[in-house]
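Before anything else, here is the set of structures, which you'll find just below.
Both complexes shown next keep subunit A, but they swap its partner, so subunit B is in the first and subunit C is in the second.
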Partner chain A sequence: MSALTAGVKRFNKENWKAYFLLFPSLLIFAFFMFWPFIYTIYLSFFDWNMISPTKEFVGFQNYIDILTDPKSYKIFGNTFIYIAILLVLNCVVPYVFAFVIDMVLKRFKGFYKGALFMPAFISLVVGSILFTWILNPVSGPVAIILGWFGLEMPIWSKMDGWVIFVLSLITSWKVFGYNFIVLYASINGISRELIEAARLDQVPLWRIFFQIVLPMSSATGIYVFIITIVQGLQYVFTPIKVITQGGPNYASSNAIYHAYHEAFVLYRTGHSAALSILTMVIFLVLLLIEIKFVERGIYYEN
Partner chain B sequence: MKIKRFVSIPWHLIFIATIFILIFPIIFAVGSSFKSLQDAYNNVLNIIPIQPTLENYQTFFDSLPAIQITVNTFIIAAVVTIFKVITSFLAAYAFVYFQFRGKTVLYFVLISTIFIPFTVTMIPNYLIISKIGLTDSIWGVILPQLADALGIFLMRQSMKTIPMSLIEVARLDNLSHVQIMRDIVLPLIKPAVTSTGIWFFISSWNEYVWPVLILKTTDNFTLPLALQMYISSEGGTNFTVAMAVSVITMIIPLALYLAFQRYIVGTFTSSGIK
Partner chain C sequence: MKKLVILFTFVTLLLAVSACGKKEEATTNTTSNESGKTVIEYWHVNAETQGGKTVDELVKEFNAQSETTEVIAKFNPDMYKGLMQNLQAEAAAGKAPAIIQVGWSFLNYFANNFEYSSPQAIIDQYFPEDKTFLEDYFLSNVLALAQGPDGEQIGIPYSLSTPVLYINRDLLKEAGLDENGPKTWEEVKEFSKTIKEQTGKFGVYIQQPADNWATQALLESNGAKMITDGKATFASEEGIKAYQLWADMVLEDQSAPNLPWDQGIQSFIDGNVAMLYTTIAQRSNVQSNSQFDVAAIKSPAWEGKSPKLPAGGAMLAITAKDEEQKKAGWEFMKFLYSIESVAKWTEGTGYVPPRKDVAEAENGLKDFLAENEMMNAAIEQMDGVVPWTSFPGDAGLQAEQLLLDVRDQILGGSISVEDGLKATEQQINKLLQ
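Take a look at the complex of A and B:
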């Protein structure tokens, strides 16, 4: 035992080596994450077009501009609609699917897991292109099949509401599998004894889900909830950029796309930076909610 | 008492329908990519081409430097993957097997960056890459991506499953850290390293947002950027060529997934990304 402690002590004496091992990662993070982060905060207080040699200090004007522009409210409104749709398609649905595949079904589990995860490996540009054709309102296969029933497909890329819905669908196609697999892993880790006992007592399926599975996988559930919002909104960027460029008249733009649009189309780095910081603050609030939930003693697997 | 069986037929129908929706686009793309434009427009619902043709692939190779574009995509994905795996492995090793000042805070800060939207770092990163003259170069795409917070997280998770006593005994036997990494830790977490590596490779292969900011000329394009040239919301006339480029873009990721499927699904469901 004393030999072990001695070993551990020597172990500790060499701890400077840790910094050496961390150095490559920290170097990249310093240049391409931490410094840019601070510089974006700095830029959000200046008026600049990325080319001009001088930046003009404007204080909080960029933030005021964004918060007083009616267009911003449309864009933030869109952002929340995207969040709502993505939460249903990429958080609620995979949760139920993972539960059913793990606990209800006996057969084809492996096939379902493998097939549901598959689109997660395909480029979202590919997904955007494929769905643009498949959902083409005139000559696409879906329009043709709807035509048999006398139904007409909306010209979704030109219509408020519809455009957000379809772009969310395309994004979900990509994001669904990853969220599903993560949730499946968590549900799969729940002790079977409790479930079997509940089933012996003839507890209905929906109660098993809400009263046992949901609380016992809640840490992962919250993780998926957060990444659905944070990464989902960033994934939506690709179909927006590829298919609509935020149109028609900002109807499909969200906070992430608009920050890009302000910076690299309109060259207003101040507005872009301020919008990015505001978006991040919203995300941070969500993150804090997560931490608070976890601290409250939510059930943590393992 | 007999346990009542859950009704499973409706669920099977729901899953099969969902999988059909998820997989149909892939089948549709493969089928259409071998059709002539005429055939594609006249027989939308016939997935199998009447007269299979390679002309769409030919058009892609004739109109764009397709081989160069594929090679670019591969180089970016390979270099990014190799570096991310190495930097993440080393950092994770430090977090698991060393005690040092600020460890918890540093880990928390690194992991928090997963939640920072890319728009927050996009302008300064673009400015840095311009300043060092790497715009319109694949190295400008690669450079900011050489480390990865999710990679550190995943590798740390799997290293923590190795019993600490094993490492302590190795230290008592005077094994250096390099030897411990190479002969103990790496072999034990190899499945996780492989799956993480495949995930990095595929993510980078499919990456769009950052390359589209950096790469300007078609000679430097990656496959997703080339593909984007064939789209317009009205449809355009390059439909079948777009399908051919889509197939080329997704074939490598899909092949990797199908080849390592059990491995990947296993790692994602056992080590758990939590």
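Take a look at the complex of A and C:
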């Protein structure tokens, strides 16, 4: 009892300022994150076309529709393929690049850093439009160059599989630089004495990478790993929207794009909301798994 | 510290109050201004690059010459859907603009959910001198675009586009073909095959955006009907035959590329595809970027049949509530449909003029058409214009989407035309029930 009153007292006297100062950001969070989230849950139980003034309550029908639709599984499958490809392109490859540029190369480091980071400045919409032209399978420059060697470019934008790969490439063009710079900074921060000692002992480069660099930069590594997954969901949206609109026959759609498609193209807000909630649940589970199994092995400097 | 807190609270309050104040101001001054003119709102969807400048120009011109009315143009982002949403919000607040643009696909939704006045009713009531304005200046099939299912005139067609066939004359000549292009779809197929064989380039690209506009033109021109009595009927013999021709060109002859819309247009512009079937609204893009002898010809027909071309674009509807506003609305609309205004609208947007007598008139498009010959193809085929089918009811958009899905499947070769169309037709009819 006395502890409680003490707590209340402390809250009154000491903490109110802190809470007060937190209030603006809390307000923003509430408006732009919590409220939309609650509203999405609410909408997922209704049939509504976004224009009509009445919403019809349908219970779990939206969820049932989604779970019984084979299209949904295709789209979730695509979502994971995107993530897998982007993990390679945007997490593994930049890791290796950062290592090579920091520890192996002797010259032109500044140039590489600048050149690789450059695309991060350019809007992904602009990038997507550029790539639509560059990779136009009939008349784009890449198709012309391949033509010199007698190769024909697949019409990727209309082929299952290819379309996901190319859209991932376009996305990674944008995201690569940022991930690379972050990893580079982390690897750069590893004590040089350790590396020099290993080199004196004739430890091969691949072992330096796997046994020294990787564990010592793992805190940043896990950060890049997670934002790659998040970006795999979100950034891919732009090239999908600009280039394929989810086609051909949903072969390039992912969960986020499809939620958009349902809500703002077909105006089925209930379906869209239910799909968003399901997507969130899946990723919540993935996050819990990550916390339970991966987080333990991470080395935090401080 | 305390001072800071007070300051913060004060600023927050001030912001809230001033926001409210602004809102109130906006609601009160819509009926008349200082000089006693009736003030009306005109809602449009034309962004700066899509004719927005022309809208402003026309409104300015109108306001300068009108003694009774002042028009305020309001741009609505996100095209016709955005405008519908804003109209919904406005209606919920008990207000309405006077004149709005309604996209064809929203025609039924608009008529079922909003208050409007038929233009003819307003004319009859207040402007007997304009009694025959509509019949005199519009083709009956064009007027029919803006009619509801029961034949009531809901609005007046304003922005019109139709599909045309752009041709690369240089490539046609190179392949030894008639440089005036094909007249029928059967010829399109032959031409394409010859072009593929002679030049190695693709023959034709038929547009594949996220709608079924061109598909409807192809199928209905062959005598199929997208909808009969509220049911999907496109999988008829004629429909399947028409679709088969497209699929054959893509899959069998490989003379038509299966590309998204923008890549298709690009490939025509840089000379890798000899013919392009797409909207007249792409004219200025094609015209200014093509490096070869380019022309636009009328939509091909099917052998022995006359083409039926869905209209893209929008109509103008009167949503004004009180008498003064309605009168002012018609005054402005009449101005917009004058030869000069329509000519400006066509030049600024690339749409086909909705009314007669504009193409030949000196104060109309005579000079413009002399310079932009490609526009003629679209103007000449106005007698073949039919409404753009929108599937009825809430499931309409889903039905539309199913047709897009099957297009990908058919042209991707994963399903035959007959199976695909029949299955889709069944699915759609199930949805529409």
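Everything below uses one rule, namely that the second predicted complex is superposed on the first by the 267 of 302 C-alpha atoms of A that agree within 3 Å, B and C clash if a C-alpha of one lies under 4 Å from a C-alpha of the other, contacts with A are read in each partner's own complex, and residues count from 1 in each chain.
Just so we're on the same page, contacts are C-beta pairs under 8 Å (C-beta built on N, C-alpha and C of every residue); 3 or more make two chains touch, one makes a residue touch a chain.
Please read these numbers as outputs of a predicted model, since none were measured by experiment.
When the two structures are aligned on the shared chain, A:N249 is found in touch with subunit C, with no touch to subunit B.
In the superposition on chain A, contact is made by A:S52 with subunit C only, not with subunit B.
When the two structures are aligned on the shared chain, A:W206 is found in touch with neither subunit B nor subunit C.
By the touch criterion defined above, A:K17 reaches both subunit B and subunit C. In the overlay built on the shared chain, the residue A:S157 is in contact with subunit B and with subunit C. Contact with both subunit B and subunit C is seen for A:N136 once the two complexes are overlaid on the shared chain. Once the two structures are overlaid, the count of subunit A residues touched is higher for B than for its counterpart among subunit B and subunit C. When the shared chain is aligned, no partner comes close enough to touch A:W148: not subunit B, not subunit C. In the superposed pair of complexes, A:L266 makes contact with subunit C only, with no contact to subunit B. Put simply, subunit A uses residues 17, 50, 132-133, 136, 138-139, 157-158, 243-244 to touch subunit B in one complex and subunit C in the other. Of all residues in subunit A, only 17, 20, 49-53, 132-133, 136-139, 155, 157-160, 243-245, 247-251, 265-268 touch subunit C in the complex they form. Interface of subunit B with subunit A (complex): residues 1, 3-4, 6, 8, 11-12, 15, 18-19, 21-26, 28-29, 32, 41, 44-45, 86-88, 90-91, 93-95, 97-100, 103, 106, 110, 112-128, 143-144, 146-147, 149, 152, 168, 171-172, 177, 202, 205-206, 208-209, 212-213, 223-224, 227-228, 230-231, 233, 235, 239, 242-243, 246, 249-250, 253-254, 256-257, 261, 264-265, 268-270, 272-274. Of all residues in subunit A, only 3-4, 7-8, 10-12, 14-19, 21-22, 24-29, 31-33, 35-37, 39-40, 43, 50, 97, 100-101, 104-106, 108, 112-119, 121-134, 136, 138-141, 144-145, 157-158, 173, 176-178, 181-182, 184-186, 188-189, 196, 199-200, 202, 205, 219-220, 223, 226-227, 230, 233-234, 237-238, 241-244, 256, 259-260, 263-264, 269, 272-273, 275-277, 279-280, 283-284, 287, 301-302 touch subunit B in the complex they form.
The touching residues of subunit C, counted against subunit A in their complex, run 1, 5, 84-85, 88, 92, 109, 113, 202, 210, 257-260, 262-263, 266-267, 270-273, 394, 397-398, 401, 404-405, 408-409, 411-412, 414.
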